[in-house]
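The following pair of complexes shares a single chain, chain A, combined with chain B in the former and chain C in the latter.
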Partner chain A sequence: MLNEKFIRVLYIDLETEKIRIEQREDLLKYLGGVGVASKLLLENIKSDCKPMDAEQPIVFAIGAGTYVFPVLTKTVAMFVSPLTGELGESYAGARMGMTMLMAGYDALVITGKAKKHSYLSISTNNVTVKDARAIWGLNVSEVGQYIREKERHAGHADGKRSIVYIGPSGENGVSFACATVDTYRHFGRMGLGVCMGSKNLKAISIYGNRSIPILNHKKYIKLYQELYKKCTATEYMAKYHDAGTPENIMPLNKSGGLPTRNMRSGSFEEAGRICGESFAQKNLVRKMSCTGCPVGCIHIGMYRREFDKGHEYEAISVSYDYELIFALGTFLGVANTDAIISLIHEVEELGLDAMSTGVCLGWATEALEKGYITEAETLVKLRFGKAEEYRKAIEYLATGTNSFYQALGKGSRHASSIYGGEDFAMHVAGNEMAGYHTGYGSLIGAAVGARHSHLDNGGYSFDQSMEEFDEDKLVDMIFAEECERCMTNSLIMCLFARKIYDRQTILDALDSIGFELTNEELTEIGRRVYKTKLQIKKALGFQQKGVKLPKRFFETPSMNGMLDEAVAKSMIRKYAAKSDLLLAENSDES
Partner chain B sequence: MKVKFYGSALKYTGGMVSVNMDPKCCPDLHALINELAKSFGEDFKQLILGGETWLVLVNAASVKATGGLNTKLKQGDIIEVLPIIGAG
Partner chain C sequence: MPKILRSKEMKKCLGCFTCMLVCASFNQKNHSLIKSAIRVRTTGGMSSNFVAIVCLGCSKPACMEVCPSNALVLRDGGGVLLKADKCIGCRQCEEACIVNAVNFDEETQTPIICHHCGICTRYCPHDCLQLIDV
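What follows is the complex of A and B.
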């Protein structure tokens, strides 16, 4: 907690509607963010229960520098993932971090299951479980509108309130249901939405209006201005504001790392039609920022939809970025920006993770083509490039229309284990792949990463920068970066800004708000947090050595050529040995 | 030979998406960048030479594997300047 020597944790039991607040000095050694959230998850998980058991916790935490410095904007959610069955971790921006800070909570731990469909209203001095029966079953935009109207705070701007909410997918048991934050941001991956749904929790509204003084104002303001300038007047963040991450489409396509049509190929012949420039020219209508960020990387795209006969039209606007264009565009062979935005809109409204949705539908398309499943199961003739069929399938997926879509709603690993086609079900340890087939860095990085994400350790980045492939060196780099990101995600910074916040900048920033840390202590925090995550994964039965990668990763050439399964296995073994050593360290008890 | 620009590289070319160059005055990539800097300015040159945020392909192959700035160029080559991949 800013200006205090403790971490302030709000515990909420939805079943008994009892709350308690603890001010914990012992959590300071985890800094904040993912460090604190990991420790709280480890303390509260029930390793012998299923992910959606009422007793499993959902943890939210803000970072040590949230909202105080530019680009430190995110909140982390940790839970037991219904998709992978082990550690669940997801990040979202918008206003949530700011409101938690202003409400006076560093972390929330939510357990139990509400007796009826509910939403939580949290403010500085009040926590209330409220009736949500009227909005159960509603789409995401309708829920947002309802909560915004109900949760008004007299005399204060709505900008001091943040809302996290789920759509029908989270109610219907889809393992990769997401949670939306303030319309345009999401806890997208690994199924936070279904964890909330299983607790009868439709939404969480957080309102904060404290005023917090900065004690060393002179030092703070000088550093803030330097960081602000780096964010807005240098090249570091320019591309994220300009066309945004959709810029990735062309370099990935040109270099053969763009997963296309269920990753049968690493390039898409229509990439030019759906690249960053095309979206900017045809659909971009504005750019937005998370609270506390001067960059403006949230790109809002719009298209005009005919929703009924008789010249009935409406304007649909959604936020788009590279991962969504990959998952609902290239991976499904869809080559039209309007069509991709319409698919993004569909997953948004129903509360699905766009990445898992696209990758699952890619598997289903190929499985239908090859006869593993039939149209009697898919209900529509799924074909690469046909957006309207995918739009219908997304609806069937979110509502669990039949046993096939119920199985697909548990992820591509689960569905392919029932129907076959495991070799081309493009998940890594149960989490559907991200849009980078760049080489061993991205593949092994995701396989061993704590949440099986490209962002755990940025392996795709090493695939670009490494001059010559060196197996041992790459394993070391991935392990070191995983630890480093455990530290930076304890702040929590937007990963776009990792080049702005070098070690000295982090130390200076923390020092100006009262954290006196050394460079060595930052390193130690990273290792401590990663060790805690590994303890969670072990408690939930996960073994790095046991990760089995789909054959397709070794059949389609990557940006760095064809990958060898034997090399991949060897790298996973070497990395697992390093993880085991960290787990065995007893110098610092987690 | 032809040089193509993508994404935020267009900021430095004034929106120009491609330019034809005479291979006689640009025998290698380093010479090409110097030549382009005459039109697009020092900022463009420094960005490419910095090398951390740009991907340069010659005939669809990264120059990382062909000698970097020393990569030889010839008539008919297609050089592409793209931003590197980033996520967060």
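What follows is the complex of A and C.
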């Protein structure tokens, strides 16, 4: 807790509606964020129970520097992922981190299942489980609207409330249902939404209005000024504000690393129509920020939908990013910005993870084409490039219309294990792939990464920067970066700011708010946190060596040419050996 | 020349709340947004527009007129300055301000009064706020 020598944890049991607060000094060695959340997850998981068992915990945590420094904006959620069956970890921005800080909690541990459909209201002075029966079943935007009205906290200045909420997908058992935060940000991946749904929890509202004095004003203000300047007046963050992450489309396409049409190809001949520049020219209407970030990377795109004859229009607006354009655009062969926005809108309203949705539908399209499934299963004729059919399929997926869509809602690994076509079901260890087929870095990075995400260790980035492929060196780089991000995600820094927060900057920033740490201690924290994550994965039965990669990864040339399965296996083995060594270290009891 | 704060370009607002953060940090030595004299909020969810609630720098301030203890004094250029030692925490200024720009600090039991220092304008990444000559 900022200004204190402990981590303040709020435990909530939804079944008994009782809470407990612990002020834990022992958690300080995990710094905050993902470090604290990992330790709390490890302490509270029931490794013999299923992911959606009422006893399984959902953990949220803010970082050591959340909100008080620019771009330290994220909150982490950890849980047992219903999609992969093991460690679940997801990040969201918006206002949540700031409100948790202002409410006075570093971490929340939510267990049990509410007796009826409910939402949680957390404020500085109160925690209550409230009736949500009337809003069960509603779409995401409707839920937001009602909770906002209900949780007004009249009489206080606005802007200090945050709401996390789920759509129908989370209620209907879709393994990759997301949880939306404040309209435009998400705990997107790995199924936090369905974990909430399984606890009868439709939403969490957090309101905070504590006073938090600045203890070392001179030091803090100096650091803040420098960091603000770095974020706004230098080139470090410019691309995220300008066209945003969709800027990646063209370079990835050119180099052949842009997964297209269920990754039959690494480039999309119509990429120019859906690149960052096209979205900016045709659809971009506004940019927004998470609280405490002056960058403004959230790009809001709008399109005019004709809903009836006689010039009847409505305005549809969503936040768009590279990964969504990949998953619902190139991966499905959709080459129109308006159509992609309409698909994002559908996914948003129903509360799905856009990436898993697109990748699952890519598999379904090819499985239909190849005869593994028929239209009796898919209900619509899924074909690459046909957005309207995909829009319907997304609805079937969210509602579990038939047994096929129920299976698809458990992920592409599960669906392909039933219907066949496993070679082209594009997941890595159960988590649908990200939009990078750049080489061994992206593939092995996701295979061994704690949450099987491209962001665990940035392997895709090494593929783009490494001049000559060196297997051992790449394994070492991925491992080191995984540990490093365990540390930066304890702050919790938005990954876009990784060039701004170098080690010295992190040490100075932490020092100005009362954390006296050395560079070596930061390294140690990273390793300690990663070790904790590995312990969680082990407890849940996961083995890095056991990851089976779909053949398509070795059949479609990557940005760095064709990948060899034997090399991939060898890299995973080497990485697993390093992980085992870390796990066996007894220098520090986790 | 005296200056006052304006918020003419709020359509460009990113909602980053840096203005509030620096107002509270620089003026009140506090991390909390509740300590800010400028308040940015939505008009109904994140998809709506942001508005800034700021002191308009009246030349005949209603807040000053209702103050029973002369804790608010006219500022050169418009608006008021707070003499905290004279404030009795009656909250009449809060009520009198037609644009709700007087934010009452429950902790200190005094109003948080904008003194048009312009720190918020210097830290607004999209130039939504301005300090203008009067």
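Criterion: the second predicted complex is superposed on the first by the 584 of 590 C-alpha atoms of A that agree within 3 Å, B and C clash if a C-alpha of one lies under 4 Å from a C-alpha of the other, contacts with A are read in each partner's own complex, and residues count from 1 in each chain.
Definition applied: a contact is a pair of C-beta atoms (placed from the backbone, for glycine too) under 8 Å apart; a residue touches a chain by one contact, two chains touch by 3 or more.
Not measured: the values here are computed from a predicted model.
*Asks:* When the two structures are laid over each other on chain A, do chain B and chain C clash or fit?
*Replies:* fit
*Asks:* Could you say whether A:217 touches chain B, chain C, both of them, or neither, answering first, second, both or neither?
*Replies:* second
*Asks:* Give one of first, second, both or neither to describe whether A:160 is in contact with chain B, with chain C, with both, or with none.
*Replies:* Once the two structures are laid over each other on A, A:160 reaches chain C alone.
*Asks:* So, A:239: does it touch chain B (first), chain C (second), both, or neither?
*Replies:* After superposition on chain A, A:239 lies in contact with chain B alone.
*Asks:* Tell me the contact category for A:250 with respect to chain B and chain C: first, second, both or neither.
*Replies:* first
*Asks:* Under the stated touch criterion, which partner chain does A:209 make contact with: chain B (first), chain C (second), both, or neither?
*Replies:* The answer is second: A:209 touches chain C but not chain B.
*Asks:* What angle, rounded to a multiple of 10°, is defined by the Cα centres of chain B, chain A and chain C, with the middle one as vertex?
*Replies:* 90
*Asks:* First (chain B), second (chain C), both or neither: which does A:586 touch?
*Replies:* Touch partners of A:586: none, neither chain B nor chain C.
*Asks:* Looking at the overlay, what does A:290 touch: chain B (first), chain C (second), both, or neither?
*Replies:* second
*Asks:* Superposed on chain A, how close does chain B come to chain C by Cα atoms? Whole Å, please.
*Replies:* 18
*Asks:* Which chain C residues qualify as touching chain A in the complex?
*Replies:* 14-18, 20-22, 25-26, 29-36, 39-42, 44-47, 103, 107, 123, 125-126
*Asks:* Show which residues of chain A lie in contact with chain B when the two form their complex.
*Replies:* Answer in residue numbers: 235, 238-240, 242-243, 245, 247-248, 250-252, 254-255, 257, 275-277, 322-323, 434, 436, 438, 454-455, 458, 460-461, 464, 467, 494-498.
*Asks:* Which residues of chain A touch chain C in the complex?
*Replies:* Against chain C, chain A makes touches at 2, 67-68, 70, 94, 98, 101-102, 144-145, 148, 156-160, 182-184, 209-214, 217, 220-221, 224, 228, 232, 287-296, 298, 317.
*Asks:* Touching residues of chain B toward chain A in the complex: what are they?
*Replies:* 6-8, 10-11, 47, 53, 55, 57, 60, 62, 64, 80, 82-88
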